[in-house]
Structures are given as structure tokens and as C-alpha cells.
């Protein structure tokens, strides 16, 4: 309870923020209060649209032009900064007092200014240094945030930096202002898992070094568990629960917090349904009565629909805004998944599951042989996929995991014939589908292999009705005899993915991300495919919605006898859904094994690094974990070429003889 | 970089070649009588006309003529002589005598347009939706929408009636007499530069890195000058050389309006009088300028924008 | 601020300080037991609450209506255009056709009066009729160019963007057209084929479609590799259908913008062509009236003013409306 | 072989931007009222040896005279060449005539006066002509530095250049070939040579083949193909101008062909140090000009304006010394008695072109909207033509040219007035008008006779209906598609026809051509009528009437426009044959000029009585000016019109009253 002794550095009371949007008023923040203690790390968690970003932007006066604070106060250093108006007033706060790191490092740096100058700008403004001193300090800052060779890098432009490096620069810029509060708005969302862990580490280090107070904004509970001392859960423009990380992870009380936690795929039990939160967050244009979460709450109380609950204290550090805590409320148990959070997280299924590789009757649906995909030519030539081999057997979910740019999506697209294979062959049920194929074969592929896409916003044609989108494939192949039949098929497909039949006549923009993703699934499903390539189908979705989609995919797998190629960048998600996992790095598959086997015995250093970087939504584990960093130069392939070999039955790894023997010894 | 430049230049040459050849052939499609004035058509017998054409080599097969044209061009840099604009005068000389004047006026107008247009766009963006912005927008809309002929007529009237400015360019008084043509040349460019600058700056102001700069506590003025202006200038840089070169090419309307002895009206006059050598030379000149302009634009942009290294070595170091 | 406070009071859930049974009952009218009981869960309801009422075209329209200047101009223009039919109908004039105009020595250069509402021209013909007739003519022909240019440009642009093999050819065509002043081609055509407005329209289309096409092509590049198009390819959709159903609908705002802008451009070009003598004088057009007025407006301003005002009205309207529409059609501006 | 110096399409200026035709070629005329005892009682072939041709009074400028003249031309009339031998267009010749002199010149009444030749004579009725060059005539360069003497041989070099196919590309050859012995042969000879040989030719071969001889440095003799009593008038035309052999040598053949104001040599009253294409040119007096007595300006500046409106603007600002008024400016001034220029409205003298309505006897009916041979049948009917001849009150049409005094523009003869005079002083066209019974009037249009027209119309309709002609007969009339002026005029023309003859008879069908009347209309014979004007090349009615004869190859209009030789109506053929005979008879009278002219007048009257073509108008425009037009050279032929010598000017600008006085005293001096 030492936190109590800390000073409140910033105190927001009953903040209301409204936006005027398309002539309507949207209340994005509905009376949000928060006390921020000096030196702490607070994480604000919520889904997109929950208002977490907007709320923190009010501390900097950075609301978009159409938004304004319409009520409440934000006290900072004895001043109500919600009343500040002019740029000039705000400039006293910005940077020097409160600073911010934004989500996308690719766009947050001025592309036309040298890195050094951009860092220096902060230094000149807030440390009163100039000239050579400022430059020295800038180089020092670059060094501090872990940019190698900072003196050379000082003169480079942002495009010469990778995403992770850019985020370091952005952090350097923010920290160089020496702010008291640093707001990190999803600082790692746009980064790969391994980089993400490094950045989180960096921020933690800087916090100690500069004694900053940090607010994290994130939707990723893993990140929260990793970094936060205190956690605030936001829903529909309000903080619904706030407490220490332990409070919220192990003893949450708001039904939304429950739902959020239990919907984590990491907590799922293989072969069972994940608990889901149905529906979508409320429309903030509308007036919200009662508890905003009530309509999605399967155990809502009548009063939830009538009156907004007040905050109830669970403990001194822990408050939740739910009627459940009212003594008059019927007794409610926390869901089992919450109670067993830590056990679930570290459950080892290894022994209880059957091993598909032991099944002698399994038939390959897809066989990929020596696949090579190359883009461009000449100097611009880029090998996206390099000699990849695998088979996917009927009825299994085969996961392909790798970072962005690893070539995982390219493999998926090569199978669906969107990107042609440069070399090698792909077989679908024994028939070759790569290269030039006959028209009948092409139709067979269209029918038999379908794809689900990553971005539900981009993967549906905004200007077509849902009925057209879903029926597109069957129209092409004339898989119906009458229009009525076609409509029936559409209705059936909608129903199968849990959408209402009436949706057929609507346009995609009327739907939420999860619903749109299900429309995408319906579109694939209506073709009655045997094999589906699911290209990161949940990574663009909010946590609460991921579970719905994963459940749906699993369900369809059994009801339709589907086989999946599940492409993901996140091993933790994959574990729940997949039977076998292949890890791909820079166009090469480095390790392939049954899911649990891989988790139990990762041998390739890259796999191990990936596993170590998985954010674990359990603060106890997360804080203790040690990060492994993969350095591709550790392989010495100059003499001994790596080979693809099976070190255990069903467990393949890429390595040369020396490495392989090393790997074997570790098993 | 060098290799790329050479490749680009070769491609440009090909385009120039195609353009010039097309125009050459188009000109040859016209009936031979077009080579003669109405007067000549009256005065000359068919025999004489044919003789004249033969003497000028215009009765050779078209492809022979084309070959000869390119041979003379490539070996001697010779584009022939004018037939109708200035009988017997080498085409280059004719163009040369006009080029200077067009260039001088064009450059001054361009300079003025940049000096007024860009600050105007900046101020408009800076005080977006203010009075000045509205006035500026009204101006750009008027200039861009209303046919130039109408705008020039107004300027002409104002200048001549109200300010008693000379209505005709005079080489003996180039100062005063250039005012109206320069104003006419500049009004349009001012509008387009202001429009561009405003649009790009307004666009840029919503970018993330501007937000970051604001978060850092950089003042609005600092953001405008240190971040937005230069960035907004980049897309303009790409278009600047083309505009510049085409400005040199002279403005048809303005130059004939104020009797400026420049390049502008030369082209139409050469075509209507069917002075084929002059037309060919001008097409060659304009296409080279146009294509060179595009090329220089890319080059200039790569100077302003470090991201663009004309297909050079990739900069990504991870 | 005052206003906001008022709204807060009205809109938000009443803050309940008193959560005792009485307090709750007072607000909700229900008993404690009722309030603190589970209610049945409706998954459909949960599915429904997410609807956004956002409709793209409705927003476009709403945003467009917000651009008052454009809307006013458009209304005025429509009024003027409709009026032009009335103006040359028997209600306002005794002439039934352009060829029936009569000259009148006494009325030469008459300034507007009760007989000649817009005055008369150099040989005493009624200017009113001429101006309105020319207005119709010009607007219609400009519209033809606009539509023609856009139709050709869109078709070509779609092919250019989607069929990679054609890129080289189209780029070359673009260079050829772009790098030589259009006036060269226009003059050659005028000399070779003729200079009736129809011919000029066709040649304007021939030389302007490429700009639309380039515009469309860039957009196609933007949309071509969007996931929904990949999806269509996975579903075996044919190229034509993809272009028509997946790409084209996204271009509508651009198409309308180009069409709208083509009208002032065409009228501007019309005046330039008329000025250069590349327009047949037998066909009335605003451009011709303007060029004719060049000689005379110093002494008789009405000869310039009437057509100039109408031309400006038309061009400014379409320029404003086009830009307003394209702003409105940009989803980023749907705020 | 066609001859004619200038030929003007009716108001059809192909890329003229102006609404006012006049702005483009201000061709105004001749000088000095006071002095110049012009060759008295002259026939055009005056063997005058007037020793003091151009001056009696010294040219000291009066205090009120303009010393620096600012002239203007429209931009489309910019010079295309400085080679006077090559030029065939007024736009160059009106300037170059100030730079190089010919053997003879004109005075303000159109009489021949000495130029480089101080006297000239023929002894054999016009077969051979001897010209005596004056002393002290120098070639100078643009700086006024003396370069060489002008000698008789220079005229041989000049003619050689003109006749040499490889040097002059057949330009200006038609009249020398038609009139000078051996010229045609020489032309053909050079054509046979290859280019290099042709360009290398000197004058030796010319001397051998052509009837031109330099007896000595000062004596030049021409031998004509026939007795040509008017040959001397041809020397005012640039085809017989001299060329300096040294300059040809210096510049080379190609260089001379493309000579510029900077490198050419001058022997005329002015040199041109400044030339800015399409902007301005400045001429200054030639310091070594032979005629020290003629009055010249200190400088003459040509401004190339964009339009007539701009010219008016500049005149208002005092930037020009004169301006021809566009119709709107004229009306503004004329309607406003308080206008600053109200008093200054003055009428210019007529230009030298006589405009006719030419009737196409053989229109290509396939290209017409009209059925079958409607037009061709109709036009060959005399009653039909006479209905047009008598039935058209041209006044509204003439108002297009001169809205204030339209009837001043009326033209009733085929030949232009003031071309030649009888020895009595009677002007040739006055005689023609006597014969056709027309008295010019400023009150009404004398040729218009409604009763006669009605009668002929009835007759024509009856006769033609019998031949299957349907009415109204469509009269296809082509104008330039880019000329508003032409369109307006055609509009008025159409209205006029409708009003005078009714729309049941003929109907004007106005059509446009794109760029070339010759290519698009004349060659395919698409028009029913042409309205065009003819200006004389030399001083004889033959130059006019010879263009209309039947069955002769060099009858220009007959061949190129109206297809006379295709006439099918026997009656009309007879008329034509009669007319042709009358013309040829007149041509052969070389001893008595009065008789000759009388014969021509009879022929012309015959032609008009049968309405073979319809005289239509001449150009008389309004202007504001600082020069007395009656003091300028008046040249009914040749290129002397625009010489800036001996102009009577006033800094204040002349008033209407001044001009009335000038006109009266001019008329009084006429024929002396």
C-alpha cells in the first residue's frame, strides 16, 4: 500500500469529451475520473472506441479539432488544464511536462528531417541547450534509447530506420523533453512481437532513469501484465474498473473485465469453446442508459439497464463500477477462467492430446514442395519465400507463424493462386495447382480452396451489398439454379456464421469488425471449400471479438470438415487453435512441430526468442520472464549448409549438422 | 543513380522521337496545297506549285523526308529554314529571337507568382477559414474557373483605362509595357501555387509527425516553418520544372494579347501558315521541355526528399 | 461552454447519488428486488447494438450540402440553365430559332432596354436570344465533352491500372499527349478536319481522356491489391466484373469531380479556340460571344458583361461544386 | 499564267482576330495636294519627262506637322520576307516600298511620276521602252552607309532573280513572263537546270534570251512581247525592281533570298534599323536618298497590334498617329456629339480593290443541298441574273463597310475607279457608268429598281419553272469559319436578299470553309457565288476585263472561279463570245488611248448589262488621323501606295471639316 503515500501528479475528475461528427454529437468520454500517482506506471486497457486514447489526449490538449472537453476538470500542477485554450498555454504543458509516444512509428517522424535534428528540437525547446551541446545531448539520447552508432545515425533520415528503431527515436524525442508524465499510446502495436518486448523493456528502463510517470494505452492484456503497476479498464468512454495489476488480473469484478480476460485465446482450453462477448461496443452517438455493457452481459441485472452503477471499492486500491458489488445484488461468482488464470496460462496439454503424426491414415490436402516465390527482378529482386516444404493433412489446423515480412502471407497467397509460385510445386489433393493449369482445375481450386483475410475493413467491398459479397463466388461458378436458391444459400451462410439473415441487404460499413470478419468467413464458406487459408483472421480484431471468430472457425472445422492454414504472427493465439505449427523466418521455415510439442521443446533459437517474447497476461509471470533475443548471425552456414530434418517424429527443424546435434541434445 | 538517369533519359528520347515523328507524319497528311497561301494558290499554276514543292523536297516520299529530317537534325543539328513565318531564315534563329523575350517575361512572372502565391498559400493554411483564407480561396476559384480570356480582358481594361498602362509590349520601354503581360501571366500561377501550397499544408497538418511536433511543444509558427512548409514544398518541387519550362515556352493568349514578340503565338501561327519546319522544331522543343521538365521534377524532388533516391541503393538498414 | 453544460444536463444519465432503495425506486420506478435480478440475455440484441447509422452517400450528400457556396451556386446555375429555356421560349422572345434573328440598323450596339433586354450586337441583333441560346449550346457541348472524356478516361484508366502489360503503352501515350501543347494537335485537327464544335469536342475528348485515365489508374493502383479484390480473385471473379463491381464504385466521386471540372475546362478551351479562330462562327457558343466582345467591350461593355457573367457563373459553379463534391466524397471529411 | 498583284477575298481574313476588316491592311493613298504638277493631260503611258516630278516646295516641316509617324498593322500582317523580289503580299510590300525604289512611282492622283528613272519613253507604240536612270542613286546598308551605285544592270539582276526558278521559286513571274519578250523561255530554261547551276547563273544568259538590255549604266531598255502601251505602269510593281549584284554575291543566293532588314541594301526613302517580329519596326530616313526634296518623317514606326480595338485604345493614348475605326468605335464616336473625337471622324479614301459578286456557272451540284442543277440552270438564265442585278439594294450590305455613308462604298463597275483617264480628264469608270445609265448618289442606291426586278423575277420564275427549276433557288455562299465579320456580313446579306427579292425566289445559304477557300470551295466548285475584289497590277482596263473572257486560258476568274467555259446555255455562250471579242478588239487598239478606253468601256457595259457579274462594293472606311490622305500617293496598281513621302500631317489630328476641304480641293485638281 505504499502507493498511497505517493503524490497525485494528475487528477482528472468527471471528464466529458464530445465530438461533433457528421452533424451529430458523439460523447466519447462520459465522466471519466482518474488519479495518477507520481512515478507509477498505469495501463489503460480497452477496445477500440472505448475512449482510452481520447481521454489521455485531453491531458495534452491534443483533441482533434472537432472535439472538446465539455465537462469536468484535469488538475495538473495546481492548474485545471482542461480549461486551457491557446496553443501558447498548452505549450507550457506539452513536451516538458507531459509528453507522448504515438502508435505508428512509421508516420510519427518527419520524413524530410534528419533524425538528429528532430531529437535536437526537443532538447533545444526543453533543456535550453543549443548548438554543439544540443547535438551532444541528442546523440546521448539516441544512445540511451539503444540506437547503435548514434553519431552516424544522427545524420540519417527516418526512412533509413526500421520500425523498431524509429519507435526508439520517437521515444528519444519524447524523453528528451524530460517530461513528468509520458503517455505511451499503443507504442508497440505496430511492431513485431520480438521488437515489442524490447521496446517495453526500454521504456521501463527509461522510466527508472528519468523518474517519469507513465501511462500506457493498450488493448493487449499481455503488455499490460508486463508493464503496469496499476490497470484501468475502459469501456464506452468510462473507466469501469481500476486497481493494481494483480487486482485486475486476479480479482476483477466488472463483467467487462471478466469478459476481456476470459476471451483471451491463451486462456482457452483446446477443443473447448472460448467464452465470448457477443455483440459490439455501443454506439456513442446514442444516449446510454445504465451500464453500457449491460446488453452484452449474459448475466445482466435489471438495474444495469436503468441506472449507471457507481464505483464500489473492492479494496483500497481497487474499484469497480458495477452493480454486482452492491450488497443488494444477487451473489455472483467470478468466472472460473479468471480464478484459474495462472493455471490456465501455463497448462501443459502435451500428454492429453493425440498426436496427429501418429495417424497412419491421414491424407495430405495441400502439399508444398520446394516453394519459391520471388518478387521483382534484377536488383530489386526480393525472395519472399525460399524453398519451403510442408504438407497439410485433412482436418487439421496448420499454423504458420512469423513476423511481418517473413513470407507467411505469400505462402498463403501462393496456395490460393493470388501470387504465382516462382519455383516449386503445390498440390491440392494430389493434383498440381501451381503454374499453368486447366480451366476446370482452376474452378476446382476456386471451389476447394478459400481464403479469409486479415483486415475486415479492407477485405469487403464497401460499395456492394452483403448479399452480393457473399454470393460472389457462387455467381462466378453458377452454383445455383435460381435467384431464390442463391438467396437461400446466402441466408444459410449468414446464419452459419451467426449473423442475422436480414443483414444480406445491408452494406459492409454498417457492421462492426467482428461482424465483417464473419461476413468474410461466410463468403468463403458458401463455396463449400475443403481447405481455407486464414490469413491472420483475428489480428486486426479487438480482444473481445477474437474469441467469437476463433470459436466460429473451430466450429466450422468440425461441422464442415475443413482444413485450415492459419497464418499468424502471434504464437500464443496459435497454440489454442492449431494442431501443428510452422515457424517461418525470412522466407524459410525454421521449425515445424505439433503445437504442444513446439511449446514444450522449441529448439530453433528463433522459435525460442519468439516464445520468450509472447506477452503473457499474467503479471506474475510476465514480470519475471527473461527475454531472449534472436541474432540471425549466430548461425554459421559458411561451410555447413542447413538442412530440413526431422529431429523427433513430426518435429522438423532447419539447421546444419552441428546445430542439429545441439538441438537433439536439448530434447 | 547514374545508370537510372541514363535509362530515364533514353526513355525520354524515345518519347521525344515518337512525338516528333507523329507530328511530322501528321503534317505530311495534309494536302500539298496547304503549303501555299491563298495568294500563291491563285497566282501559281499547278506546274509551278509542283516545281516549288519539288525544289523544297516536299514531294519526296514521306519516309525519305522523315529520314532526311532526322539525318539533318542528328548530324548537323539543322532543323531547316522557315518557309512562311520568315522566309529562308533558319528555324533555330527564328525561335532564338523569340525565346529570350518569352523567357524573361515568363521568369519574372514565375518569380512573382512564387513570391506571392506561396506565402499566400501558407497564410491561408495558417489561418485556415479566416477572412484571408476565404479571400484567397475566392481568388483561386475565380482565376481557375473563369476562362482566361475573361480574366485577361478585365486586367486589360483595368490596366489600360485605370492605370494608363501601355496596352502593347514595347522593346523600347520594356519596364512599363511588361507590367500587364506579367500580371496576366502571374495571376494564374499565383492562384495555382497558392492552391497547391494551401492544400499540401492543410494535408500535412493532419499528419502524425506534426502531432508529435505539437506534443513536443513546438509552436505553431515553428511547425509551419520547420516542418510543414518544406514538406509541402516537395510535391510542388516535382511540378516546378515543368511549369518553369512551359513558362519559358510562352503563353499563347497573353503574348498575342499584348503583342509580346515571344514564343506563344509562334506555334499557332506556324501551324496555320503551315510552316512545317517551324512546327517540327517547336514540337521538338516543347516535347523536350515537357519531358525534361518531368525528369528534372523527379530529380528536384529527390533533392528535397531524402526518401527518394532515384532507384538508387536502398536505404533501409535494420 | 454554457451550451455544453446544458446539453450535459439534458443528455446524460442522471447521476444517482442516492443508491438506497428509495433513491433507486424514485429514479427507476422499480423495486430493489426487481432491479437486482438477472434479466434474460438476447444475443440478437447484442448483435444489433453495433450498427452504425453511417451511410456513405448520405454523408456525402450531407457534407456537400454544407458547402453553402457550392450549393447556392449550383442552385443559381440550375435556375439559370432552366431559365435559359424560358428565355428563348415564346414567353420572352419572338424568335423561334437562332436563324430567325433579325438585324436592325437602328439598334446596333443598343444597350439593354425594354425591347432588347441584353441590348443588341454590332448589327442590331437581339443579344438576349443569342446569349441564352449560346448558353444552352455551350453547356450541352461542355457536358458532352465532360461525359465523353470521363467515359473514355475511366475505361482506359481501369485497363491501364489493372492490366500491367498495358502500362508501358499508356504511359507512352500519356507522355506524348502531355509533353506537347494540346493546341498543336487541336490546330492540326481544325485545319485537317474542320472546326465545328462537334469536331472540337471530339478532339478535346481525344486529348483530355488521358488525364482522367491517369487519375483513375492511380486510384486503381490504390485499390487493386486491397484484400477485397484478392478475395474476388480467390472466388474466381473475372477481370471485367472486378473492375465493374469492385473498383469502379470507388471511383464515382473522382468521376463526378472530373466531369464537373471538365465543364469549366471545356468552356475555357472553347474561348481559347474561338480566340484563335479555331471555332466555326456559324454555331453559337459562349466562347464565340466572348471572343467577339473582345473588340467591342471597351465601348459597349454589355457585349462582354452578359456572356462573361454567365460563363463565370457556369464555370465557377462547376468548379466549386466539383471540388465540394470531391471533398464531401472523401470519407476522411465525414466529420 | 495568272497575273495580278493583289487580290483580296471579300472580308475574309483567314485568321484575323478582329471584327473590323479594315484594321488589317490599311491601304491608303497618295500625297501632297499642293505641288506636283502631275503629267498633264496624261494618258497612262505618259511620255512625260517632267523634270521636277515630286517637289516644288522645299520639304521643311511646318511647326504643326508630325515628325515621327506611328503606324500600325495587325499581328497577322507581319512580314514573312524582306526580299522585295520574292514578296507577293501586301503585308511586306507596303513596308518594303519604303526601302527600295522602282523605276517609276505615282502621285496622289495615281499618275505615273519619275522614280529611279528620271524619264522614259516608247517610240513604237509600246513594243520597246527606254528608261533613263537618274544620277547619284546609291545602295546603302541599314546604317545608311553607301554601298554601291544603282545602275541599269541592277535591273537585269533583279529580273534574273525573279525569273530564275531556283532563286525565286516562281514568285512574281507571271507578269514579266506575260509582257517581256523571252521571259517565259528564260524561266523554263532555269527550271530545267539543276539547283546548283540555276543558283549559279549570272545575267549573261538573261541578256541573251530576254528582252531587257542595259544600254549603259544609266539606260535600260525593255522589249515587250507585243505593243503594250501600258508597260510603264508595270515598273511600279516589285517584279521589275532592281537587285544589287554585290549584295547577292555577299550574302549568297540563299542569304539574299532570306535577307533581313539588317543585311539588306536600301535605295528607297527609308532604312529600317529596328525590326522586332510581331511587335514593332522602325524606319528612319535614308541619308543618301536621291530625292533630297521629298518630305520624310524623322522616323516611322509600325506597331503590330493584336486587334483593332487595341489600336483604338492606343490612339486614344496618343500612341498611334492614325487609326482605322472598328464599327463599335465609329458608332460610339458618331452617336455622341460630345465625344472627344466627334469632330475628327474622317473618311479614308477607297482602297484599290473593286469587289464583285461572281456567279458560278457550273456549281458542283453533288455537294449542294439543292436538287439537281437548280442553280446552274437558274444562273444561266438572263432574267434570273437581271433580277439579282436590279433587285438588290446593297445599302445594308454597304453599311457593314461604312455604316455612316454606305453609298460611298457602292461599286457599279467592274473596273476600279481612277485606274485610267481619258485624255479629256474623264475618268474611265465614269464613262462606264454613263453607258449603263447609273448616276452615283449618296441618297439612294441607283441600281436598285424594284419594278424591273419584279418583272425579271416573274419572267425568270416562269422560264425556269419550265426548265424544272424549283424555287427558292439555293445560293451557296462560303465564308471563312473563323471570321465573325464575314459571318455578320453574310447574315446581313441573306436578310437583304430576302427583303429585296422575297424568299420564294432565291435564298442565301451561308456555309463555312475551314482554312482555304481555294482548296475547299473553289476547286470542288462548291459555291454558287463568290464575293471578291480585284486590284490592278498595271494601268489598263485589260487587267480587269481580261479576267472574265470566254475560252481564254489566262482569264483568271473565268477559269478559276466561275467556270465560264462550262456554260451550257447557248444564248449565254453567245453573249460571252461577244464580250470576249469586244475586249480583244479593245486590246488591239494601241495607238489611240481614248479609243482604246472607249472600246473597253463598251465591253464592260455590255458585260454589266447582261449581268455576267454584279459589281458590289469598294472599301471606304472611317478613321482618326493626323495625315491628309489626299496628300498620299494614290496608286491604282503597283506597290507605291504606302510610301511615307510628302505626307501632309497635323499634330492636332484632322477634323471632318478639314477633310471636306481636302476632298474638294483634290476634286478640283483632278484631271489636270
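Note that the chains are named A, B, C and D in the order they appear, and that numbering of residues resets to 1 at the start of each chain.
In this text, a residue touches a chain if its C-beta (ideal position, glycine included) is under 8 Å from a C-beta of that chain, and two chains touch if they have at least 3 such contacts.
None of the values given here were measured: they were computed from a predicted structure.
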item	value
Label of the chain whose CA centroid is most distant from the centroid of chain C	D
Pair joined by more contacting C-beta pairs (B-C or A-C)	A-C
Whole-Å gap separating chain B and chain C, where each centre is the average of the chain's CA atoms	28
For chain A paired with chain C, centre-to-centre distance based on mean C-alpha positions, whole Å	42
Geometric centre distance via CA averages, chain B-chain A, whole Å	52
Between chain A and chain D, centroid-to-centroid distance (C-alpha), Å	92
Multi-chain contact residues (two or more partners), chain D	14-15, 17, 313, 515
Junction residues of chain A - those touching two or more other chains	none
Where chain C touches two or more other chains at once, by residue number	191, 275-277, 291, 294, 298
Chain A-touching residues of chain B, taken from the complex the two chains share	207-209, 211-220, 226-227, 230-231, 234, 304-307, 315-318
Complex contacts: residues of chain A adjacent to chain B	60, 62, 87-88, 91, 93-96, 99-100, 102, 104, 107-113, 121-122, 125-126, 157, 159-162, 165, 170, 173-174, 177
Touch list for chain B against partner chain D, complex	31, 33-34, 37-45, 48, 51-52, 55, 81, 84-89, 97-98, 160, 164, 166-171, 256-261, 265, 269, 272
In the complex, chain C residues that touch chain D	101-103, 105, 108-109, 122-123, 125, 190-191, 193-196, 275-282, 288, 291-292, 294-296, 298-300, 303
Of chain C, residues touching chain A in the complex	1, 4-5, 7-8, 11-13, 15-16, 19, 21, 24, 27-28, 30, 32, 34-39, 41-56, 59, 62-63, 226-228, 230-238, 241, 245-246, 249-250, 334-335
